[in-house]
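What follows is chain A paired twice: with chain B in the first complex and chain C in the second.
Right after this comes the complex of A and B.
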């Protein structure tokens, strides 16, 4: 790419539900972000190129966005192996963004054929053989779907030529260095171990009974809100852990416990420390947390 | 010996003496002067360590919970089956009831019988948290390994600890026909059979 030219952005789909594309279309500054790039190809947005030309593997590509999980062989578009096309562009690109959990770790579509389907550079938490070749340009953006602003952040950092600090799975630390629990409006209830009485209520924490995975799921859903106003946990449904390598787990609306103790501890918290703190917090009944926030006249 | 160490040892000896007097003579019948006299120290000096009888009583229950919790923690660290761990925990509990009866007597006859003393400062399970935490870890591990049946914590805890406490209470009442340690095998088996998966 020349010094003045905008970086060429090419968006390639593999096995996908379109969820990440649709999510990104909700970005309030979508066109402003895209104005920093030459959008070479996108499956939904109009570009000057056809799918045939894209599949020929000859278009320019500085930033490759991959959406969907990958099959080693057998997924063809127009008679062309999609993985082959992805590899051609991956080779050219300066940055590869795996947008969504499917492209990053395998995600929901991996469930169809767990041995044959994976993410582009990771198969759940394991590196695929491709990893080594593309590691130096890889940015992982897991999420089902990704938050539009997570991708917006990454694209603007690239457009500005700035370094994005990444963790060991190539996730931007700015977005995934915290858990979904961070910033949740129910944190007071978590601290005092007060369960919610049901989905959709303003009061109570969803971690103890309703299956919330927020305390051990990496992501910034409660710092960068969805549609700028809310999140699953704020609205009163559990975090399903959609950014994690082993997503989707099972029984997502029920906390798995052993003798009443949650099977999975908050990220990095030793079990003994958790149980000690929980036992103490549970010993107190705080009146405010037992009451409704708003009492409606009926 | 440093000043800090000496103070710590003195503190522990007050706890142990008070523990003995409270569990034998009862909480209300034991006075701070009784405890000071037994230790050969002045009442004023004892108050330097514990500002009231209630606070001393609360520190004692924390101390017994720590001692028992530490022993169960050692069992939790062992690489043995849940059935063997149950046996070891029962053994620890009954051995303590025999060799240091004041520890368990204190729990049953002071802590559980004088709730007003503990209502502010020992709410819920705060003062017994080390012991409870280790029991939780034992249950959690045993369910994870598939040896015990998954259920509510308190239904399992009540069966386990209620049973042991009841036996020690009967021992304290002098109604057990045999020495308490002769019941270890049968009671361990009963608990395992009741809780197993």
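Right after this comes the complex of A and C.
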């Protein structure tokens, strides 16, 4: 890559639903971000290159975006194993971005054949044999799908030549250093341990009954809003833990409890600390948190 | 002579095997590749996990899968005697968000697939950034969707008994503004005329009034003599019932009732996609089918002149954008936020049930069937619209898209006819 040339960006799909591609198409600054790159191949956008050429493994590639989970053998396009193509480009690339939970950890499609299907460098939380070879250029962006702004952030950091602070699973700390709970519109109810009385209410916390995984799921969904306007928990849907290595868990709309207390604790919080805080909070009855916020008929 | 061609950018890929004779297309075999196995993944999961897992069938019509999944559970509940009565508010919000997804899909298809491909085919390349228009419109209308559903793609906000959101009028007003912005885009960029003037057009004779990008589409198809190409069996099916759509079947212009019990799936050789028939016959699903069954005057008028051709099929999808935008406005205006968002309890209400959900997705009728035993899914079946339109066909008749492609003068023309069905590879290979 010459000093002036824009980095070549190649987007490769493996076992996927296309959700990450479509999510990114909703980035309001999509074309301004892409203007910093030479888009070599994309599964939806026209680039002047055909899929046959891309599958031949001969296109330039400085930034490789991977979408979908991988299997060693058995996913062939135009007679070529997709993993082989991914490896060719991964070798060339300076940065590898695993876009979405499938490409990062294996995700939903892994469940069809748990032993054969995984993410590119991780199999759930475990490193795959590929990890060692690509660790120095790997950026993990889990999420089902990816948040468009998260990918936009990573691409612009690369375009600007900045170092991205990553955690031990190669997730950008600026995006995954906090939990989905951070910034949730229901935080007051969590603080005072007031659960919601059911689905379809803006009042109450979804952590105790409705299965919300927000307090222990890494991600900035409630800091950088979805579609620039909302999030699952704002809309009353529990956080489903879609950025985590073990996504999807089971019975997603119910909280698993132990002795009446959620089984999984908020990230990093010892159970004893949680129980103490809960005991104190629950010993008070705060009238405001028992009432509706808006009463239209008054 | 048989020639293989890989078709890309159709939510994945498909391989078409063309049988050619003297340069024209005699037959086509449509093959879809990798099977992902969502139906199998569902087995032994909790019934409501379908609301999370099944949207991941498809990145572009995930919301329709959510709606089919929740309706399947509600239908199953009702079968055990549980009263499932949604409020008008919950119904309207569901219909609104689904309509937004359809609009997003249709406009993206138009700007990312149809217009660029037609320009390649006719060598009338423009310098326009079609993708920018697609992205702008999609970003705008899915933002309106996300106000209620939390996010797009992959929301799980529809739960048995209603929706999880509890919007305020502040939310409703923001959604209204985004719908109005989409209407403005339709007026200024897509049609070049006012929305009211567009809605007055009810016959082919008035269609010259349509300018803008849809006008350009009509010009290109007409000028290159493609208006009557791509005709198929002239049989249409609509199974879903959401605001604005009518259930039924239409054979040419004769409308009749339908019963989902006659819908059958069959495996096909050489592809992971199963074929679907109704009483052993092929039916087309999607916007053209919906307009024919609902007796839309303009589409009926086009059908009279061009039958179920490429032109009618493509235009019906764009016409549906206007139709849905008006429905979106009406639904938001009528929202009464005093009503409950969700009328059922939050926990699973029945341990054994069988249910079926049918909705109109962007590409046509989508069916989910769930069988639940002892609080676990025992069997899950998904029938997607593309299975109707792209099957190989039966002994006695070719599949809908195959029939439309036969007789094409080139593989490029046939591929364009294929894309006019708005093919979704990932849905087909669930």
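We take it that the second predicted complex is superposed on the first by the 297 of 298 C-alpha atoms of A that agree within 3 Å, B and C clash if a C-alpha of one lies under 4 Å from a C-alpha of the other, contacts with A are read in each partner's own complex, and residues count from 1 in each chain.
Going forward, contacts are C-beta pairs under 8 Å (C-beta built on N, C-alpha and C of every residue); 3 or more make two chains touch, one makes a residue touch a chain.
Note that this is a predicted model, so its numbers are computed, not measured.
Partners chain B and chain C fit side by side in the overlay (superposition on chain A).
Shared-chain residue A:17: touches chain C; no touch with chain B.
One geometric descriptor of the composite model is the angle centred on chain A: between the Cα centres of chain B and chain C it reads 120 degrees, in steps of 10. Of the two partner chains, chain B is the only one touched by A:260; chain C is not. Of the two partner chains placed by the overlay, only chain C lies in contact with A:76; chain B stays clear of it.
For chain A, the partner that touches more of its residues is C, with chain B and chain C as the two candidates.
When the two structures are aligned on the shared chain, A:283 is found in touch with chain B, with no touch to chain C. In the superposition on chain A, A:272 makes contact with chain B only, while chain C stays out of contact range.
Of the two partner chains, neither chain B nor chain C is touched by A:163. The gap separating chain B from chain C in the superposed three-chain model is 15 Å, by closest C-alpha atoms. No residue of chain A lies in contact with both chain B in one complex and chain C in the other. Residue ranges of chain A in contact with chain B, taken from their complex: 257-261, 263, 271-272, 275-276, 279-280, 282-284.
Note for the complex: chain C touches chain A at residues 6, 8-9, 11-13, 15, 33-34, 36-38, 40-41, 45-46, 48-49, 51-53, 56-60, 62, 90, 108, 112, 116, 129, 131-132, 134-135, 138-139, 142-143, 145-157, 159, 161-166, 168, 174, 337-338, 340-342, 345-348, 426. Against chain A, the residues of chain B that register as touching in their complex are 123-126, 129-130, 132-133, 136-137, 139-140, 143-144, 148, 150-154, 156. Partner chain C is touched in their complex by these residues of chain A: 13, 15-23, 25-28, 30-31, 43-46, 50-52, 74-78, 108-109, 111-113, 144-145, 198-202, 209-210, 221, 226-237, 240, 242, 248, 250-254, 294, 296-297.
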